[in-house]
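Each in structure tokens, the structures are laid out below.
Below, chain A partners chain B and then partners chain C, in two separate complexes.
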Partner chain A sequence: MAADIQAGLELVLDPTTLLVVVLAGIFGLFIGALPGMTATLAAALLIPFTFFLDPVPAIASIITMSAMAIFAGDVPGALLRIPGTPSSAAYTEDAFRMTQDGKGPVALGVSLVASVLGGLFGSVVLIFVAPVLGEFALRFTSYEYFWVAVLGLTAAVIISRGSQIKGGIALMLGLLISTIGLDVSIGYPRFTFGESELYRGVDFIPAMIGLFGVSEVLRNATSPIHLGPVPKVSSRGSIRESLRTVWRYKHRVGSGSVIGGAVGSLPGAGADIAAWVSYAVTKNTSRNAHLFGRGKGHPEPIAGAAAANNAGLGSAFIPTLAFGIPGDTITAILIGVLLVKGVTPGPQLFTMNTDMLYAIYIVFIVANLLLLPLGFLLIRASSLVLQVPRATLLAIIVAISIVGSFAINNGYLEITIMLLMGVLGFLLERAKIPLAPVVLGIVLGPIVERNFIQSVIKTNWDLGQFFTRPISAGLIVLTAILLFAPPVIATLKRRMRD
Partner chain B sequence: MARSTALAGNGSGTRSRPWARTVAAVGVAGLVLAACGGEDGDGEGSSDGDGGTAGAGSGGDCDLAADYPSGPIEMIVPWAAGGGTDSVARLVGEQLSTALDTQVNVVNRTGGSGVVGHQAIADAEPDGQTLGLITVEIGMMHHQGLTDLTHEDLSPIAQVNFDPAGLTVAADAPWDDAQALLDHIEANPGTLTASGTGQGGIWHVALIGMLLEAGLEPDAVTFVPSDGAAPALQELVAGGIDLSPSSLGENYTMLEAGRVKALAAMAAEGDPNFPDVPPLAEETGIEFEMGAWRGVAGPAGLDENIVAEVECHLEGIVQGEEYASFMADSRLGVQWRNAEEFAQFMAEDDAAKGEIMERAGLAQ
Partner chain C sequence: MTPEASSTGTPDAGPSRSPRRVNRTDLIAGAASAVLGVAVLPAAVGMPRIAQGMPGPGLFPGIIGVFLVLFGLVLVVGALRGRRVDVEEEAPAVAGPTVSTGRRWLNGGVVLAGIAFYIVAAETLGFLVTITLVVLAVMITLGARWWVALITAVAVAFALLLVFEEGLLVQLPDGLVG
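And now, the complex of A and B:
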């Protein structure tokens, strides 16, 4: 184990890797801070660059970038009342009111320090829980993988924002798209119209670049976001006050971290859900609850929820690494990058690629430590970042999207897929249909199908095997519990509003 | 729309790809400031018509084709980056680049069980500027009815690798040698399951070939299609299947971890990377040899001088020390066949697999 840690350290502390980590971090802060541009978009845009990197810097860039983007989303939330990423939405009201009261730097400082602490906690949870689950997952056969994937599909719909029917429609669309190409089991061509280029099907990476990148460009082109004047931030003396405030609410940072660690590890539930749950818990247990989200705002829920969303990010990697089943869109992208780099996520990772595994752990720690200085820089430079001309930025996004899609397989099919998915994403957003379930459908569809077909071939269509194996039964129970999650979350949200 | 774009991709891909590569390289230089400056300068310069300097620096004895190469060479790989075929292509490409004194760009064209990439190699201009690392699937996919493409649409240059099929079972399986396993299969046909590739993939065909040679029915073992050797190995460890006919190299981490055991390798000499594992014939008397192979080829109609020049360089590479140590580290088998032997081998291999697939009902 000590040898693994050393090998991992050598992989991470390579100058190229460190440079990539810093640059990806700055990129993440930048994109995350721009309203409407999510961490998923940033990750999708990063993919083409990862093709030119070794596996460890490639993975490190995505991990660092997403950790930064989750925090950076707080900045426009505090300054303009527009959360930069959905994960910041829970406490935008408090942060914005504090800014109006002249305490903007403190709100952001608290959020930053809590984010770093929460992120470190999430990393520790990942380091200790993932190998246990990975060892357990070595006992999984196609039946268990089938149920884990079904659990992921269920979560994709249940936890999607807004109407669950619309989430279901999005998922079905994704599953339908995933059937294009040679079928995963016996190699029969489906929806290929005799065209061998279509045999490879719809790669989810260009699909994702289109869904999140191009659709965002289209949305901006048709209804531009007009940001009001950006308030100037003077951070003089705010560091000390931020640290004092975090110390005062250290138990909130602690509970937020634990909530984030637990919620994030559920497949389908990511950083944003973690932040909402933590906000609700803080609100229900605090003496100051009557001050939250009104008047001058209050830093207490910020401390909890900011810790929760960054903690959730680390623990979301647990199912990803242990089962190879993505928990959210960012981990789906990460799986894509890992596969391109010849690393198969799943239990084999814990026996075959242990130096890679330890490198991933170390990257998480490094990324969260790096967030502290870079985050403070962002707070200082926030007004500059928010005034970047959007038209230029959108043009760059289109360029990266096209080059990136081509680079996936050096083919033009992927560019077509990317553009079509961009239009699809734009139309779906118009109809308020969430995009994440589409991506999870494309990713999980083949997994569900392959494991189902393998299972029935193995037993000659004895379907009883799906239900009678103990681990399968446990996963079925988990799926059932998940079905009851929406009423619980709805209740939490309602309580928070009161 | 998708259809016409895809067609255009086949026709004009070769010419415009270096351009897009350059754009991508410039993009990277933008984000990753490290050390890319020099490279993208090179890319720009060599992307078009600097054929004048071609061939000047090629290694002395092998310079058999005049004016070759006339610019950077594209090496198409029909499988994903990071896999075994890709890593062989990258090593061969790097050394070929030094030998030919030109840039060799490895380009992955994946999908359709290898159809897409092999098709791209066959469709390229036969000027030697586009080569490819072809794999065993070229002799299998046309039997399955996936494509009309065969080895006759290519100009073979050299075979560089061969990995025999193995017989791997879980560490706690009751069989200690291949004969015991075959006896069990004979006594209980249809009860054991195996996995290692997709339906009609190389390890599926190897398994059926072995069963037929042993006088058993092709479906005496139920084959479960998988997404490659690694997921099948996971199923083997978890008890979901009973055996994997994939190459021993693909299973070596689990072999070393003691979670699985290897009973045989399907080659007369066994697998040179696994000297402790007996050849199939040793226990069972079944003289059956089948495995996965890789080789370098270009589109049909390649000038014979170009074939001779690349073949000559490849011989030096494959018999070199660096190649040997890389292949041993990756548990891949080194196998040299020159252009003529390679062409003959592909024809025989194609016929052998066709017969097995026909008898197993896998052929269309």
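And now, the complex of A and C:
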């Protein structure tokens, strides 16, 4: 154990890794702080760079970047009432009203301190829960992997916000994209349209850059709204008041962290859903609930929800590390990057790559500690960051997307894939179809299919094996519960109201 | 589809609390999903089988096709019945002046055309010239001053060349000029 921690530390304290962590952190703060630019977009722009890094700095850059971006999303929420990332949306109203009351830096300070505490809690949950599940997963065969992946896909659809039918369509699109290329059973080319370059399938990296990079540029460029003037904020004395406020609502930070830790670990539910759940819980249990989201705004729900979204980030890595099943969009992207680099996330990490595992744990702690000073600097510079001209920014994102996609394989097919996926992402967003299930479908599709085909070939199509093995049966029951939970809860709610 | 078009529909349908309308977006999305599913199905059925009639490559695309049709039809029926599927939660932002619809489409079109232009022209014109033109076009369309756009475009092109060719050792296209 001590040797593992030391090996992990050596990997993280490598100068290249540290430099990558700091640069990725600043990048995450910057992109997250820009209105409408999400943590996922930042991840998509990072991927081409991670492609050229070793696995540990690659993972470290994505973890640090997302921890920073999820906090930074609160900045335009508080200043302009436009959440920078979806995970800030839950408490944007409160933060914005506090800014109008002259307390913007306090709202952001509370959110920052709560984010750091929540993030650290999420890291601890990850460190203790992931190995337990990982050990359990060592007993998995292709049958169990099939069901775990099915469970992940089901969760992605059920938990996706908005209409579940739309979540289902999104998932099927992702799965369909994942079937392009040579199939796993007999190497038959599927949907390749005679293009031999497509035999190895749709490259994950340009697909993600298109889905999140190009589509966000399109959405921003075609947005009917120009940003209004950015309010000036003076952060004098705000650090002390933020700390006092967080102390006053420490139990909210605690409950938010626990909610984030639990919700984030569900496949398909990420930081944004954790924040919404925490906001709802705070609102239902607080004596000050009548002050939330109106009047001068209130810091209490911010403390809880900001802790929840950063805690969710850490715990989203639990299914990622233990089963190789992504917990949210960012971990899905990370799994894609790892697969490209020849690392298969999953229980093998706990037996073979323990130094890498411990390095990931340490990165989580380092990233959250680094968030505190960098976050306060961002709050100071927030008005400046928001004044970066939009035209310049969007044009640069387009240029990085093009070069990044090209660099993966020195090919123009990748740029074409990026372009098409960008249009797809844009259209799906306009139709209010969520993008997260598309990514999960692309990542999990091959896992589901490969494990299914392997299993049926092993047993000569004896499908009974899928249902009679004890762990499989348990996973099926979980999937069924997940499928039937929403209608049952809806019926119960209706009964209670009547 | 224009925003005006999406607000048309049957104005009144019974004593419900809010007036029911055909949800055009859902109608189109559902129909598109169903059509895609229908297109996938024959391709899936036509794929070879592993052995003794056991399904192989076509199995998963087939299942996906069926679900695409199914989900698409549910969405279409929901849209026709005028059920509001989504709840709007977005608060109005602090907004400045709004941009006209035509202008917005032009902005999006230039972004797409820029990327397409890179695909066809980079090999001939080389990386530096092509990416400069793309950044320049996007920036000017989005309202930047021409000299700001020019300086930014050249700077971005050289910065990316430095990072990718020197830093990451990626061979970017030199073109006929480079």
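Quick note on the criterion: the second predicted complex is superposed on the first by the 479 of 498 C-alpha atoms of A that agree within 3 Å, B and C clash if a C-alpha of one lies under 4 Å from a C-alpha of the other, contacts with A are read in each partner's own complex, and residues count from 1 in each chain.
Throughout what follows, a contact is a pair of C-beta atoms (placed from the backbone, for glycine too) under 8 Å apart; a residue touches a chain by one contact, two chains touch by 3 or more.
Predicted model only: the values in this text are computed from it and were never measured.
Shared-chain residue A:Phe406: touches chain B and chain C both.
Using the contact criterion defined above for the overlaid structures, shared-chain residue A:Thr92 touches chain C, although it does not reach chain B.
By the touch criterion defined above, A:Val488 reaches neither chain B nor chain C. In the superposition on chain A, A:Ser185 makes contact with both chain B and chain C. In the superposed model, A:Ala391 lies in contact with chain C only, and not with chain B.
Contacts of A:Leu369 after superposition: neither chain B nor chain C is touched.
Of the two partner chains, chain C is the only one touched by A:Leu176; chain B is not. In the overlay built on the shared chain, the residue A:Leu243 is in contact with neither chain B nor chain C. Residue contacts after overlaying the shared chain place A:Arg139 against chain B, while chain C stays out of touching range.
Once both structures are placed on chain A, chain A residues 49, 52, 185-186, 399-400, 403, 406-407, 410, 412, 415-416, 453, 457 are touched by chain B and, in the other complex, by chain C. Contact residues of chain B toward chain A in the complex are 1-3, 5-10, 13, 17, 20, 23-25, 27-28, 31-34, 80-83, 86-87, 107-113, 115-116, 119, 144, 146-147, 193, 195, 198-200, 222-227, 230-231, 233-235, 237-241, 253-254, 257, 259. Listed in rising order, the residues of chain A touching chain C in the complex are 35, 49, 52, 80-82, 89, 92-93, 162-163, 165-166, 168-169, 172-173, 175-176, 179, 183, 185-186, 188, 190-191, 214, 217-218, 221-229, 389-392, 394-396, 398-403, 406-407, 410, 412, 415-416, 418-419, 422-423, 426, 430-433, 445, 448-449, 452-453, 456-457, 461. Those residues of chain C whose C-beta lies close enough to touch chain A in the complex are 25-26, 28-30, 33, 36-37, 40, 43, 47-48, 50, 54, 56-57, 60-61, 64, 67-68, 71-72, 74-75, 78, 85-87, 89-99, 101, 104-105, 107-108, 110-112, 114-116, 118-119, 122-123, 127, 131, 134-135, 138-139, 142-144, 148-149, 152-153, 156-157, 160, 164, 168-172.
Of all residues in chain A, only 16, 19-20, 23, 27, 48-49, 51-53, 55, 138-143, 181-182, 184-187, 189, 193, 195-201, 339-344, 346-348, 351-352, 399-400, 403, 406-407, 409-413, 415-417, 420, 450, 453-454, 457-458, 460 touch chain B in the complex they form.
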